[in-house]
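Only one structure is covered here, and it is reproduced in the block below.
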Amino acid sequence: MSMEFANFPYLTAILLSCVVGLLVILFIPDERKMLIKWVSLVFSGITMVLSIYLFFAYDKTQGGLQFVERVLWVKSLGIYYFNGADGFNLPMLMLTGIVLFTGVLTMWELETRVKEFFAFTFLLVAGVFGVFMSMDLFFIFVWYDVSLFPMYPLIAIWGSTRKEYGAMKLTLYLLAGSALILPGILYLFVNSGLNTFDIVALMQPGTFTPFQQKFAFILLYLGFGILAGVWPFHTWSPVGHVAAPTSVSMIHAGVLMKLGAFGVLRVAIFLCPEGWQYWAQLMAVLATCGIVYGAFVGLAQTDLKYVIGYSSVSHMGIVGLGLATVTVDGLNGAVFQMFAHGVMTALLFSSVGYIYDKTHTKMIPELGGMSRTMPVASGYFIVAALAGIGVPCLASFWAELLVFISAFKTYPIRGALAICGLVVSALFMLRVVQRTFYGEKREEFDHLPDVSFGLGIPRMILVAVIVFFGLFPSVMLDVIQVASIPFINGLP
Amino acid sequence: MNSLTTYLFIAALLFSLGIFGVFQRRSLIGMLIAIELMLNAASINFMAFNRFLAPDPIVGQIYTLFIMGIAAAEAAIALSIIVALFRRLRSINIERAQELRG
Amino acid sequence: MKLWILFIPELYCLLMGVVFFGLAMVARPNPRRDYFVALLLASAGVVVALASIKLEGTLFFEAYRVDLFSQVFKVMLAMGFFLVICFCTELNGIEERHHPEFYLFLTTCTLAMMLLVSSVELLTIYVALELSSYSLYILVPLRRGHGIDVEAGIKYLMVGATSSAVMLFGLSFIFGVTHTTYVVDIINVLPSVISSPAAIVGLLLVLCGFFFKLAVFPFHFWAPDVYQGAANQVTAYIASASKVAAVAIIMRMVSLVGGDSKYLVHVLVTLSIASMTLGNLVAIVQKDMKRLLAYSSISHAGYVLIGILSMSQTGYASAIFYALAYLVMNLCCFLVVIKVAQDGSDLKIAQLAGLHRRSPILAMALMLAVFGLAGIPPTIGFTGKFLVFAAAMEKGYITLVIIAMINATISLYYYILVVKAAYLMEPDVEQPRLAVSIPTKLLTGALVTLMVVFGVFPHYLLEVARAAARMLLQV
Amino acid sequence: MTSSWFQDPTLLAAALAALLPFVTFALIMIFTRPYPKLSAAISIAAVSVSLVCAIFLLSSHWHLEKPIQYAAKWIISGDIYIPFGFLLDQLSLVMLTIVAVISFLVQVYSLGYMAGDPGFARYYAFQSLFAWAMMTMSIAPTMLQFYVFWELVGLASYLLIGFYYEKFSASEAGKKAFVMTRFGDIAFFLGLLLVLFNFGNLNILDMNSVDVTARMSPALITLSAILIFGGVAGKSAQFPLLTWLPDAMEGPTPVSALLHSATMVAAGVYMFARIFPFFSHSAAAMNTFLAIGTITMLLASTMAMVTRDIKQVWAYSTVSQLGFMVMGLAAGSYFAGIFHLTTHAGFKALLFLCSGVFIHEFETNDFFEMGKYGGRGLKVPMVCMTVAAAALSGLPPLSGFFSKEAIMGGLAGLHNPVWLWAGLLGAFLTAYYSFRLIFSILFPRKIEKTHQGEHGGHGHGHDGGHHHVGIYWVMAWPLIILASITLVLGFFHTPLENFLVGHHGGAEAHGGHHAWLLYVAVGLALSGVGLAWLEFGRKGASQVGFVEKIEPMSRLFANRWYIDHFYRRFLDYFIYGIVSNLFTRNDRRVIDGGIDGICRATVGSGWALSFLQSGMLQYNLMVMFAVLALVALYFFF
């Protein structure tokens, strides 16, 4: 068994801290709620610290794959437990660490069935970490499914409106996606003739004929696209978000939808570059539809979580457009947008979750004048909403700028349409902010407490991250750049 | 007239009669007899192939003997279950035994 | 002297049969004693089977072949037998005086299947198959006074007898065409003559007999009624052990053709798709737990067929792996069914409500088993499906793999309904907490670890399966 | 570059001027929200430091030949390099000084106006956010950085307009302003992208240089110029997108004074001047800008004549004066536009601050009522307002006269006389509506003494009740300073021209020699004032404007030529009604329905197939053999 370990296996350490956290929680009796919460906080803290350390310890000059861990797993099929960190998955790892830590903090007041909740959450996040860090097709698919099936119990047990329907629909829809991914992966494995699932080996040019690349790409793109919320397959995400409890929808919208887009990047685009160039036109059309469509439908919603659901569809459309442009800027913008949108949606959902917990209603007509009753909580929502609109000096502005520059260069009409979509998204986000936060104070919400300092910490961290990467975008872009330039130049 | 095809034809006839009997007979004993018919058709087949084609003369005979033995065991078990069924349903008509469905 | 060592596992089963026959003679029925004797003998049986895994050789004038392929299956059968015996701690689905007969017939059935696995002569195959079917025909009506078990018994017998008659007819044609009854010679003769209609029809009719055993599409009618009608322990045995044997013999029969007959592959593909789709679709509307597991077993027969029909060494290896995976997962499900339905009655899915509170360990075991059956990654079920699909994809059956994956997603729906019942639904009347004894806890723990470990780290098991498949093709 | 920025005084001053307000914004928002007094102090301190730096920069670089440029890496992505830095040349220094001066005065003034308001700290936070964004934008070296801070200025205006967020109309106006300027920004961004792809980079000096025509075809230059002008139309409320500015009066009056009169709306005109050489490459574009400027100027002045709200009058007049500046620039006279921008900033801010005092005093926006309640009693604001109104109408000694004169000269230079006549008509109307307001306050029908001093704290949520002298003088000083600037600035005409236009050479013909033009313009202004005196000032006047007599005309002007109705109906009917509903229904029924339909179909087929498993044994056997027969048949064919 060939074993290559960098000095200290950070990536496996992240995975282990999730799994060990899960096991420790399982052995704590159900009554000790606070102990469970503290244990999960400690372990999620470890993952966050590790992922942030990795992000800054990455040697930009050397570039390529670092912190490599590679263990032969199944010799006959050439499956390796092969983890690596490059410019693309470092921001994603950091995003997952941050969203997990803040998610655990947001659910500090949970009382029902605490043990199972945090157990399933850790299983979910272990799956997500696994997908981001693994460079082996088999393990990407294994971790992909591991991250999907805990969604069902999490939504079905602790969810809110129409939770059974939402949970069932979401889980089935996403696993139907995997019904397309597995044939794609197997098709690549079989046709490569190398009898290995290792992406780096399969990536060498010339392993697949152009037709094979085109066929495998469309399978993988649709499979992962369903999770990424690509336009026609997006209907599960608003339903799922509305039904899910706060921290689950935070992790789900914040991280899981990026899993789909990252899957497209890591598997479909890495292994089938010609397929990518061939299908780029379709991707651009679907992405533009997603942006404009998501914005317009968001305009007509009355439920707060539905609005955010559709805004995530619209923003994931921007990621799709970035990927569709087959340029360095597009790629940089797409990965940066994945990170920025992840943090922003997490903040949006955490504030909506807080409002829902206190007022027990998510209907915009019923809410009003929240800025008066709970100024700090609404402050967080407004910052996130402004980031959503793409106000400068907040993280997602730079991402959208890069994506639109490259989109306008390669697809002028679609680029222009997507940019006009911005106006509509500004309109519907401000409409929501105005209806729920401004206006006269409502008496029935008069007595509600504002966000305590304890509950404020996660939201402050998220705001700080958005503003930091808004003011200093080059910190993030240099890391992504190190991976995207060699990749794009290496294209046939 | 004494050639392989005639025997095969007879065996096939017997086999289809057996199948038809299984569908058509309403009583369980009738079905059992039909199955016996099918088994006999198979044994005829074995003997016919052995006689005309196979070099080693005794294989077909041994097969037939085994088939007879096993058919007997099967009949014994089937009849015991039919008796148990009769004790409960008071009839051996197959239409009465329709509780398990869907 | 050396020869009979090859035959030890079968001889040991015979010995067990004799012991149980002796117990049946004893006047006063004592279920505790019968259970402990059975447990002891079954565990020793597993040890014997494991010890004899390395044996090689042929017996009875080349009619009986012992190689790694047959020994692996014998180990699986012995393990299945041992696990079913473990489930019979309080066997109250069957009257006390019938307990020794129950164990006797279980033993004869295991013996017959062990014979079936390593028999390479048409007659021995037929005799072994009939012996295993007849012992099962008797076991099904043994249930304690419900009435529907007899009906299930008669249905099982009628369908079984018809398909064995059809198989015999097919065998006669095969004999007619190849003039020999030894599988080894048939493998050399048949490929050349396969194009003649008599040979193909003969082979097809023979396969009917075995498809009946595996409950593939046209011959699946007995499965739902028998699963529901028979006692829970008997159903557990039928669902697991007889499936394993059926897979073994179908592999041997399909390898006769040597993989070049286009017609046979088309038939197998259609049958596999039909049984997968039918199994999954009808399972959605089922209310009874055992009936649901029946239809899921039909759909899993379809998945195994995909492995077999790719007719390559990896295909057969994946089928063997899948058979073992299915054995373990199914037994885990039946463990939960048996423990929840204490009085041996038929368990409704709704009765599973509130299981996570009544006994968390059983609920977790059920969830893992069900997600394994659905093919969710950390479990052995996923690795099985993955291997089977990889083998099929090597042969280029892309549409088949996509249809199979869509079926897996459909199957997820009713599997999640089971998990939903266990975890989400609250029982209308508050049931007492399920007292789960220590050995059962150990057993569940063992099964769960088996499922997860081989799911996450399938390397060694896969090597064994590949070696067995290599042996099958060398014959 | 970063290491040496302490030694280089210019860079230090520029950095301090621009970035200090951001530091205060962050400090106030995070730490000092609960302490209003402290936040106000920090904010005013920061703005004053910026003011000092701006004046130091202006004075030290009075004789500047070559523009100074600093740049640091902000973003590198592939071939796109977006630097962050400063470009200090005459134009940007002038703009920086204007913004610094007006922000400082308005922040001092707001101490009085906003005293006691619960959102006091938040107000100063947004003020310093605006100051930071506006200053950094004015000295931006590249158009991309310009665009970034241009959007940030839009955000600041949204926050400040919607400051009184309890009032629905305030948040509605904020949203309307943001969305409308966003339309303009989209066109601006597209124009910039066109230039970026065809020209290569976006830094301002290169765009202004001659070799632009080498790399971009004339048609492309015209298209990108018109698109970029979209941004100007959005931000400076030009013709299609002008209705948001009057609604923006919902914000507190100091905000209107700072943003919606002097600095923010002038950003569009400043951008026009900033890349004036780039625009001047295409004559077609300049003509369209001229047309749009004229239409805006005339349209807005007509609207100003009928409204009764004091802030609306000045808002319309701002729109029309902006139109006037655009006409000036579009006519090719670079200096005239900028000079008018400078003077306009001065006297328009003064007008708003004076009306702020009136509103603060009489709790009403209607200037007829102000007149009734003895508006002229307040000595300082009344005098300053009259001076500012005179400057606005272009009466000789004041700064307005000189800047308007420069623009009229430019317009005269054009070969088509219609622009000049439009300009003159505009001057007449401006004089008329400004003095209509002044006279109706100075000579009200009958004076009632009830409203002096004590009135309840309602309306903008701030109680003007405690009317002690300190507050009055804090508001009075800025007025006096601004009034003196309006008086004095006119005489700086030539030094400013040499400073700004010196290095441009004879870019445009010197407008002075049309002597007759001077007299015609002054005559028109005086006749406007006379007409206003005739209808409003003299004893027996009917206090009803000549326009208000003609019913359909006055209703048309009052409804802002129905532009607002068109937008409102378009939004409700087309966006909400058709597109949004269509997509939502499609989303619910077609896509979602389709998926649910598939799921229901599978469950239904499962239910149907379960009948295959009939209880009758023989039917099952029959199915079995039927399938067998089928397979056998398949083999034979």
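The first chain written gets the first letter, and so on, giving A, B, C and D; residue counts start at 1 in each chain.
Operating definition for what follows: a residue touches a chain if its C-beta (ideal position, glycine included) is under 8 Å from a C-beta of that chain, and two chains touch if they have at least 3 such contacts.
Since the structure is predicted, the reported quantities are computational estimates derived from the model, not experimental observations.
Engineer: Which two chains have the most C-beta pairs in contact?
Structural biologist: After counting contacts between each pair of chains, the winner is A-D.
Engineer: Quick check: how many Å separate the C-alpha centres of chain A and chain C?
Structural biologist: 42
Engineer: Using mean CA coordinates as chain centres, what's the chain C-chain D distance in Å?
Structural biologist: 78
Engineer: So, what's the distance in Å between the C-alpha centres of chain B and chain A?
Structural biologist: 65
Engineer: Please report how many Å separate the Cα centroid of chain B from that of chain C, as a whole number.
Structural biologist: Centre-to-centre distance between chain B and chain C: 27 Å.
Engineer: Note the residues in chain C that touch 2 or more other chains, in rising order.
Structural biologist: 154-155, 158, 162, 166, 224, 413
Engineer: At least two other chains touched by the same residue of chain A: list those residues.
Structural biologist: 172
Engineer: In chain B, which residues are in touch with two or more of the other chains?
Structural biologist: Correct list: 22, 97, 99-100.
Engineer: Taking all chains into account, which pairs touch?
Structural biologist: So the chains that touch one another pair up as A-C, A-D, B-C, B-D, C-D.
Engineer: Can you tell me which positions in chain C touch chain A when the two form their complex?
Structural biologist: Contacts found on chain C: 356, 371, 376-378, 382, 386-387, 389-390, 393-394, 398, 401-402, 405-406, 408-409, 412-413, 416, 419-420, 423-424, 457-459, 462-463, 466.
Engineer: Can you check the complex and tell me which residues of chain D touch chain A?
Structural biologist: 73-80, 148-149, 151-152, 155, 158, 162, 165-166, 168, 170-172, 174-175, 178-179, 182-183, 186, 189-190, 193, 196-197, 575-576, 579-581, 583-584, 587, 591-592, 595-596, 599
Engineer: Chain D touches which residues of chain C in the complex?
Structural biologist: Residues 154-155, 158-159, 162-163, 166, 197, 200-201, 204-205, 208, 217-219, 221, 224, 263, 266-267, 278, 280-286, 410, 413 of chain C touch chain D in their complex.
Engineer: What part of chain D is in contact with chain C in the complex they form?
Structural biologist: The contact residues of chain D facing chain C are 599, 602-603, 605-607, 609-610, 612-613, 617, 620-621, 623-624, 627-628, 631-632, 634-636.
Engineer: Can you name the residues of chain B that touch chain C in the complex?
Structural biologist: Per the stated touch rule, the residues are 11, 15, 18, 22, 28, 31-32, 35, 38-39, 41-42, 45-46, 48-50, 53-55, 59-60, 62-63, 66-67, 70, 73-74, 77-78, 81-82, 84-85, 88, 97, 99-100.
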